[in-house]
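Here the chain labels run A, B and C in written order, and each chain numbers its own residues starting at 1.
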């Protein structure tokens, strides 16, 4: 009984180990940066996969939740928080200030609100009409373009930046240089993943979400209110996506309206690699995709990063369509 | 007066191109239920294929970076083939390349969960765009190809070419429309509809669902490739930015959904209505012509159609 | 004495096809009722319709005298009714213990004591408490499904074909447990393919066919009616 399971982990381990070894030999710096960026990807992919697990459709506007979160943080950083007199830049090692620590949760809350609103206005009515999953996906594509247009109407089509102070890169052993904000990104993502784990394993709502993803009919039969659970799934999914958006905008030192849309393929690659619907799978998948994308820049034009993620997605669909950890199709 | 004529001709060319794309999407989604959100990929492949085959070889004096220009019109002249038949050869090549790519994508994804086709087509469109952007040797990078020859250019004065070509585009559109309609009314088309209605029953009655889906996917992609070819010779300039997800994929979806998914006539009507609204709103005063506002309305239109009138203008429930 | 459950000429189905065409059913406190009949008779549909998983078109269901037609499952569990679906009746990626916790979801109180009670009743579950439910054997899974449904201390348990896919020994284990559940004061409505064994276990039986009542009566009588034996008991 442990056979297929062990072989699955063995395979995953082998893939990760060989990727890691190749990366460590050729470009240790890219490996470290890739892992840290993979953390941000992981926050996005986990939300995407969780939404799929509970709602059973691919949410194509997930990237726009990232974008929306990042721009909401910009709004708080530029318009709201300066009034409080908080340092906006240069906290310790980092380029950002205390203000970001407030803007981050505020942006996450804002994006969650938007997600619940969208469920009320768009996805909920479609669901009650028992629209096919693929129709729901179509609607989410419309939502994606509308959200992006809204962001561009408010903040313009150009590039923005959070307030930042200039900081030295951090020197690690093996001559690895890491931008300090990347370390913050990794730590913040790690903390959020931990909180998510506690939420899913220990809280009433978290358990209800897992149960609904596992067996929707039995969840209803057990007295779980599916609609409430779905609303919570949106909250969590948008929460994590917004966090990923803010952290990426901080780490990349720039913010564009295409931020989320351009990450959609890497996010799906991570989620499919981990098995659509699986939360822990998505975490691992994101790290693999993140490393592969960064390390590929050793040989490829960085503009191909998302193409590298797409390549991983294709390989996965060819050889293990259920994902590394999921059941076979 | 001439300006107005040329504006209308340009409108007719683009509306025809969009109608061809929507016709292809109708074969995918409307008839077979395949969610292709990478229309831009096939559109680009078709356009670049015929453009590269017919464009003159690169001129080092102009610092052109691409290495291959097929110069089909010159070759056809040398072979003594007149009547600008190279145009049809270019379109056929465009269709062929798209069909091959669709075949590969279909083989990988059409056996899997239906969502995977959506993700993969999205990825392929983005990848194709990046390849043409980065690989300057292939398509002259961001400067694009700007010497795409005119079809029947000798027949009309330069300032009347757009009008002439609008006629060509419309004629091609109508030809495709009738071919697609005939195909969809054939027994083959009826099987596709049966699959869309109830895949399990279709499979149980001995139909190889995978093969039918694959054929439909290839057919739709081939039509989209022809649309790309028609575009290339109409505007004689293409670059990677022409094929962005909004104006090359999403708007086509809105056209089909608004017009009435499942009906070729719906695809045509939707293309006319949406492209009319889109280009007409460019002329509106003040903020009303803001492109972002129009993007927003396009997204909202998509959602509203799905919520309020899933059958579109022409469809029935 | 009022009946625990009273189903009166219930009409229900999927889309345009009405599978139940006016089925009636009575369940008294602390009895086992077996529902048998050929495939497509509407046995499972009856349980789903009673438990609010299907819209009812006509007719009525009353639980402890109260009209429950149209109530969703999340309301019914609070009233003292519980339902075990035929297949996929556990949460496969959650542990045995988490499955039990989910069974007690509708109650705000701490489920620990109740879980302890379930472990006393089903020691095999305690031995596997940290195991994922998807990795249990078929028989163990069925016991877990029963235990999950008992977490809220229902007075009525609806069981949809508990013997499906089980080895004969596992079937008798499950049926023994159903009897113990009844002895604990719970009424059980059990839909079964395994008609003879189900009637041996039950006090009363209903035979459905074509979405309508055919026969009902004390289980022992049904077991010996020649037409029942010939048509529904295979011999």
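Definition applied: a contact is a pair of C-beta atoms (placed from the backbone, for glycine too) under 8 Å apart; a residue touches a chain by one contact, two chains touch by 3 or more.
Just so it is clear, the structure is predicted and the values come from calculations on it, not from any experiment.
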Q: Find me the chain with the mean Cα position closest to the mean of all the protein Cα atoms on display.
A: A
Q | Maximum inter-chain contact count - chain pair | A | A-B
(Q) Relative to chain C, which chain's C-alpha centre is the most remote? (A) B
(Q) Based only on mean CA positions, could you tell me how far chain B sits from chain C in angstrom? (A) 56
Q | Averaged-CA centre spacing for the pair chain B and chain A, given as whole angstrom | A | 32
Q) In whole angstrom, how far does the Cα centroid of chain A sit from the Cα centroid of chain C? A) 42
Q.
Considering only the defined contacts, which chain C positions touch chain A in the complex?
A. 51, 53, 72-74, 77-78, 83, 85, 88-94, 98, 101-103, 105-106, 135, 148, 152
Q) Which part of chain A faces chain C closely enough to touch in the complex? A) 1, 204, 207-208, 210-211, 214-215, 217-225
Q: Provide the residue numbers of chain B that touch chain A in the complex, in ascending order.
A: 33, 35, 37, 108-109, 112-116, 118-120, 122-124, 126-127, 130-131, 133-134, 245-246, 250, 253-254, 257, 290, 292-293, 295-296, 298-303, 306-307, 310
Q: Would you tell me which residues of chain A are touching chain B in their complex?
A: 57-58, 60, 122, 125-126, 131, 133-135, 137-139, 141-150, 152-153, 157, 261, 264-265, 268, 272, 276, 301, 303-304, 306-307, 310, 313-314, 317-318, 321, 329
